[in-house]
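Okay, so subunit A shows up in both of these, paired with subunit B first and subunit C after.
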Partner chain A sequence: MGMGRYVLRRLVQIVPVLFGVITLTFVLMHALPGDPVKIYLGLEPSQELADELIEHYGFDQPLYVQYVDHLTRLLQGDLGRSFTHRQPVSSLMLERMGPTVTLMGLSYLVALPTAIALGVYGAARHNRAGDHASRIVGLAGISTPNFWLALMLIYVVAYEFQLLPASGYVSPLENPVQSAKLLVMPVATLATAQMALLMRMTRSSMIEELRADYIETARAYGIPERRVLYRHSLRNALLPLITIVGLQLSFLLSGSVIVEEIFAIPGMGRLFFDSLVVLDYSVVIGITLFFAVLFLIGVLLTDLAYAYIDPRIRYD
Partner chain B sequence: MSLLAVEDLRTYFFTPEGIVQAVDGIDFELEAGESLGIVGESGAGKSVAVKSLMGLIREPGRVVDGSIRFEGRELTDLSEEQLRREIRGNEIAIVFQDAMSALNPVFTVGSQLVEVIRENTGRTETEARARAIELLDDVGIPDPEQRIDEYPHQYSGGMQQRAMIAMALACDPKLIIADEPTTALDVTIQAGILDLFEDIQERYDTSVIYVTHDLGVVREVCDRVAVMYLGKIVETAPYEELYRNPKHPYTQSLLNSVVTPDATLDGIDPIEGTMPSGVSPPSGCRFRTRCPVAFDECSRLVPPRYDDGTDHDVACLLYDERNPRDEPALHERPGRGDGSAEGFTDD
Partner chain C sequence: MFNPDDRSDLNRRRFIKSMAIIGGASLFAGCSSGPDGPGVDDNDAAGDGSGGTFVLSTPNEVETLDPRMNSLAWYSTAAHYLFDGLLMMAPDGSGTAPHLLENHLEEADELTYVGTLRQDVQFHDESELTAEDVAYSFGWMLDPDNASPNQADLDFISEVEASGEYEVTFHLEYPFALMETVLAGMNAPIVPQAAAEEMGEEEFGVNPVGTGPFQFVEAESASHLQTEVFEDYFLGTPRLGGLEYRIIPEAEVGYVELTTGGVHQSSIPETLLDQSETEDNIDTTRYSSFNYRGLILNCFEEPFDDARVREAMHYVVNYDELLSGSVDQLGKRNWGYLPQEVIDLWDFPYEEWEEEYYPEQDHDQAVSMLEDAGVGTDFEVDILALSGEKWMGMSVVLQNELEQIGVDASVREVGTGEWLDALDTGEFDVCTYGWGGGDDPDGYYYYMFRDLENDEGGMSDDVVGNASAGYIHQAYRGTEEEETLQRLDGIIRDARATLDQDERFDLYVEAAEIMQGYYPAIPIYAGETAVGWRTEVQDYEPTAFGDQEVFNHWQEAWIEG
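This part shows the complex of A and B:
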């Protein structure tokens, strides 16, 4: 009961946040210099074409009218039309969602278990060689910019050794083998920084938990060290980790923009970037909205996971 | 043969600041069914001493020397795996000071009990659960069938400690170590827990070692007392004997510093100074820097244990038959301002 009401309350709270996101994006987009008509039709567009475009997309209206129009459409579930792609934003996003979701999902799938395993390993060998090694790997992972890593991977793996194709995307449903080959480098790029950060979090959180009294209890009662690590400490150490996992969603979203651009993956990140360059307002606002919803749901799930893991936390 | 015989046990911590001689050559014995109190100020090495028995000392600490014979088996020769399988939980169990933090907050009391029972006895899940309910009932938890599925934070402080005791009893250990078992509890609850200890000691036929700084606890439950100061046992005697006839100046000061309800504040005699660090303990007798009756020899000789044939041992040069000092301060509690403590330097 308490939980259901809590979720409902949190979902309601998302509404004003989204309103803020829309407004801010709208204002920032229109504050950008440049004329979408000129970008789209060239520097010397024919008056006729330009008028048609302006008329059709309401660019001649005062800004507040455009804003209210846009908001009204959004409330009706209409994300608007892209004037560069000449199709509804919603169908455009739907087309591009697959690659992005695949990329982000796989990154989590790679980063999370690796990070936890390495973090626990580091904590169990606190201040010994294995711990130092894992810390250096972690530091390197955090400090490496993802665009640099992506370019280096393409140069070394695809160009020098020709082990994998450099870029492109095929749906795993169409051609699983080719798809996997193409996904290795983008996923590695996205997962590295994430993995490194999560690993360091796991490690420090575990080191702290391993000093807890109940760990001494478990050891004093003959519980095998493996279970002490993975059952008794990890469960407690997961709490701070979950917070980071939720917040990292935003890193992934911004990371996907860069990674999709570099590896020529037709995902939402790339659509976002391309639309931003040509000032395709509706698309940028639509994707921002989508990312915001995704992020807010991620944070909500984080909070719910908290209650699941720690019985002392109850939402009522 | 005694249940437990500890000889010359030394546990050191190798810290960047130096070697801390937390336990530095202690001896004691424990008979089956007996209860022993290890008393001393915080930092005396009591907890380290008992944790050493179970091999629970972690880096940077290590048992560097000595013998721990438990039922004739030398525990210091056992591997970590042997200790875990054969000793911890099933032969020697420990009850920690703060049950709230000694129980894992994210698991139910029942699941923690069941895990310990299954690990040490190989019972099935169902059997272990039935046993856990029985144990909770035994230690006085009301409605054990319901409360077994509750989390530690849903228990009161006293009940958490009772659950801890249930865990200690889970595998019928021959020895239970109670490390400050009542320190974290309200005074009103302490007596109940001590009664429970006495009760289970009889019913489960176990020996108990109480580690405490509270002489009141000792009086309630201990047959014999060992007084520890800075890593060494300075005096061992049956409780009554120790209380009536404290020999070591430290024991005497300790008894004088106890607050009783009928004493006025003037009647309390705190021990002056603080315990020196275990990194550079005083030469000779470790208590000499705070001892009101110390004399020259105390800084040169480490006092051995003087055994006068009774089971009242003391490690103090005052009791050397070739006592270098004229009048032994036997039985009298030394007064303040005794000039003999002067002229010593702390090094």
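This part shows the complex of A and C:
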């Protein structure tokens, strides 16, 4: 099967998955206790305002009608309106997308090369001091909750030494220097656990490859160790790493919720969390859908990358 | 650092907004108090907008910048910088001063008041303020089709008429003791008719135009709100060049920004209060949040349907332990379901109330009373606690006390949605409750203890009663107690329509004594707010009452250096 047909087939397969995601999110959101209008308006609400919200957003309709309405709108490319922000979900998401994509992208950019370098270093010095050090770094990174790390960074870097601002966001396109200052701590927080996991994967995968017969053969032929490491074993060791990189998109989303909240970054993670608290259904479904698409595309790209890295893998 | 309690504390949204608006000293409502403090007098300001940009942190993002549609507490404060009201509250809460009005409203008859507008007021779009703008603003908010959240607070107004180019006439539905304080708040903002009609609600919500000392520059709902000085402001040009609100969800991060100079003002979380006192570069203050926190006893549910059992609960608890179990430093005992500051303002006889209705802890007495009531200690108590440290703290203290006398008590921690549902359905024995009512007893008694059946249109079918009153009106319907409780409801309603303060005092004392005698709740504390600001900010001090505090009739802040 050619790559074009393979991609097309995978894209078609995404449709039922997205349908399932929408349905599941819709059902789970409506299964949560509480009435969104009551939560939004609080105690002693204005009855007029409550009635207006209920009618305008169709909360008085049977659940199946709300579901069909929502699906119909989605099929027309309309993500609906947020009843708390009183604006289209799509424009809300567009407004918040920049900070989240920047944060996640930079986290990947930091985590991936660092993880590969440390993983290769650890594997090359298996059971020696350097390996133990990299394992300790990895274990600490995985074990450290990102909210704790974020608070410690703020306490030490922003409060004690006053090296960087504690919170806020400026687009890199608007003010690159200020943006960089503001993004160092959030990116470090989000990238740490990700880097630790990828580093451990790289290390174990590399150790396995370095024990393989073809590596022994390469060494016997007198190929320099550096070339053995980077040209031969790393390329094969990257396969499991690529799988994890694709799947880690969901990890980044959950991490961005906490990081955006603590560092006051106006991104989609914060919007998702705030909308979940007030049961703003349209926003939660919209963001879930966006991340589902992102995740599925990530998985597809991962699969395509397999074939590029290992020509033995075929599109069938 | 995450504090779900803050998110789910509904007082934060609508009720503290009411506090901010009703938060003036309505004790003196009806009395005139002109601006007599130091600082700015009309058109006498020395400012030129060169005094720097004042940056404040606030935890919640803003959903609309139109104060006619706003239901967020912090924006009710911020909106004072973009919009003006007809009156303004004094920073010490001692009364209102004419603001857009030349003088206080004059009473034509009990239901009609007339006021004259200043003739030197411009909107930010350079149009002139006239009576038509005032009539339009109130008419818009009172129109049910617009579903303004301010409508409920303005329902004492029948119509506002432009009776001259600069003269407005208020026609009231009923006399209202808090009229002047409402007109001083952002539940009664004045907007330009032409701009509001041309833009429509959605556009006006993102490009607001008012008469305030600062004009809108730009905003991102989750990030910041930026304003710049309005040089043609009718009180003169402020010294500050602008104001910026930064949205910082976590109070601890806001505190770091404050101490490191990222913002000029931030609230101080309770955990950092002691630390804040050691910082050289910030000043701090604490003031009442004017709210009520306590535990409701469900009068529908056995054994709390018996007043003797409810009274016994007051012997079970130790009020000081309940207080310390709920808050560390930012809270004080409350009396008669009112904060200490309201008690002090009105000089209510709280010591007599304490002696009568707040007994010392005495478990033997409690058990004896429970036995007299025929229930003993062989019953179970389901305590419903709204998620959050304060609520869980008070619930667990009560649970422990109940278990000490042999009563099996359990605590259920729930989120906001489930808690609100439970209040409507009454599915609990004991439930945490909080309300922000401002500095007037009406803010507590009318909302917490009136009989909903007597509202216009009656009680909604969706609720079983007034939860904050432990459903006492509904639970005692058809009993010999009904007459007393109807009298209580009548007193509460009369008190808000009575303009004479001595009469209101007597009415509230009577209401408090009736209500406390039924023991529908265990009152625990009233919260406080701690605020810090940078020492380079000059001529400035935030208060519980202050509106437009960086530039108003009394003070004019600027930033040194």
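Heads up, the rule we're going with is that the second predicted complex is superposed on the first by the 315 of 316 C-alpha atoms of A that agree within 3 Å, B and C clash if a C-alpha of one lies under 4 Å from a C-alpha of the other, contacts with A are read in each partner's own complex, and residues count from 1 in each chain.
Basically, contacts are C-beta pairs under 8 Å (C-beta built on N, C-alpha and C of every residue); 3 or more make two chains touch, one makes a residue touch a chain.
These numbers come from a predicted model, not from an experiment.
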item: Clash or fit (per the criteria above) of subunit B with subunit C on subunit A; value: fit
item: Partner chain(s) touched by A:Thr84 [first = subunit B, second = subunit C, both, neither]; value: second
item: Which superposed partner A:Tyr214 touches (first subunit B, second subunit C, both, neither); value: first
item: Subunit B versus subunit C as contact partner of A:Arg73, first or second or both or neither; value: neither
item: Touching partner for A:Asp310 - first (subunit B), second (subunit C), both, neither; value: first
item: Partner chain(s) touched by A:Arg125 [first = subunit B, second = subunit C, both, neither]; value: neither
item: First, second, both or neither for A:Ile223, with subunit B first and subunit C second; value: first
item: Greater subunit A contact set [subunit C / subunit B]; value: C
item: Which of subunit B and subunit C A:Asn236 touches, first, second, both or neither; value: first
item: Three-chain overlay, closest Cα atoms of subunit B and subunit C, distance in Å; value: 49
item: Overlapping contact positions on subunit A, where the subunit C interface meets the subunit B interface; value: none
item: Subunit A contact footprint on subunit C (complex, rising order); value: 1-2, 7-8, 10-11, 13-15, 61, 63-64, 71, 144, 147-149, 151-152, 202, 205, 220-223, 246-250, 252-253, 256-257, 259-260, 262, 414-418, 420-421, 423-424, 435, 447, 460, 468
item: Subunit A residues touching subunit B - in the complex, by the definition given at the top; value: 212-214, 216-224, 227, 232, 235-236, 309-312
item: Of all residues in subunit B, those that touch subunit A in their complex; value: 54, 56, 84-85, 87-90, 93-94, 96, 98, 101-108, 115-116, 119-120, 151, 153, 164, 167, 170
item: Complex interface listing, subunit A residues touching subunit C; value: 32-36, 38-39, 41-49, 51-53, 84-87, 95-96, 147, 151, 154-155, 158-159, 162, 165-169, 261-264, 266-267, 270-271, 274, 277, 279
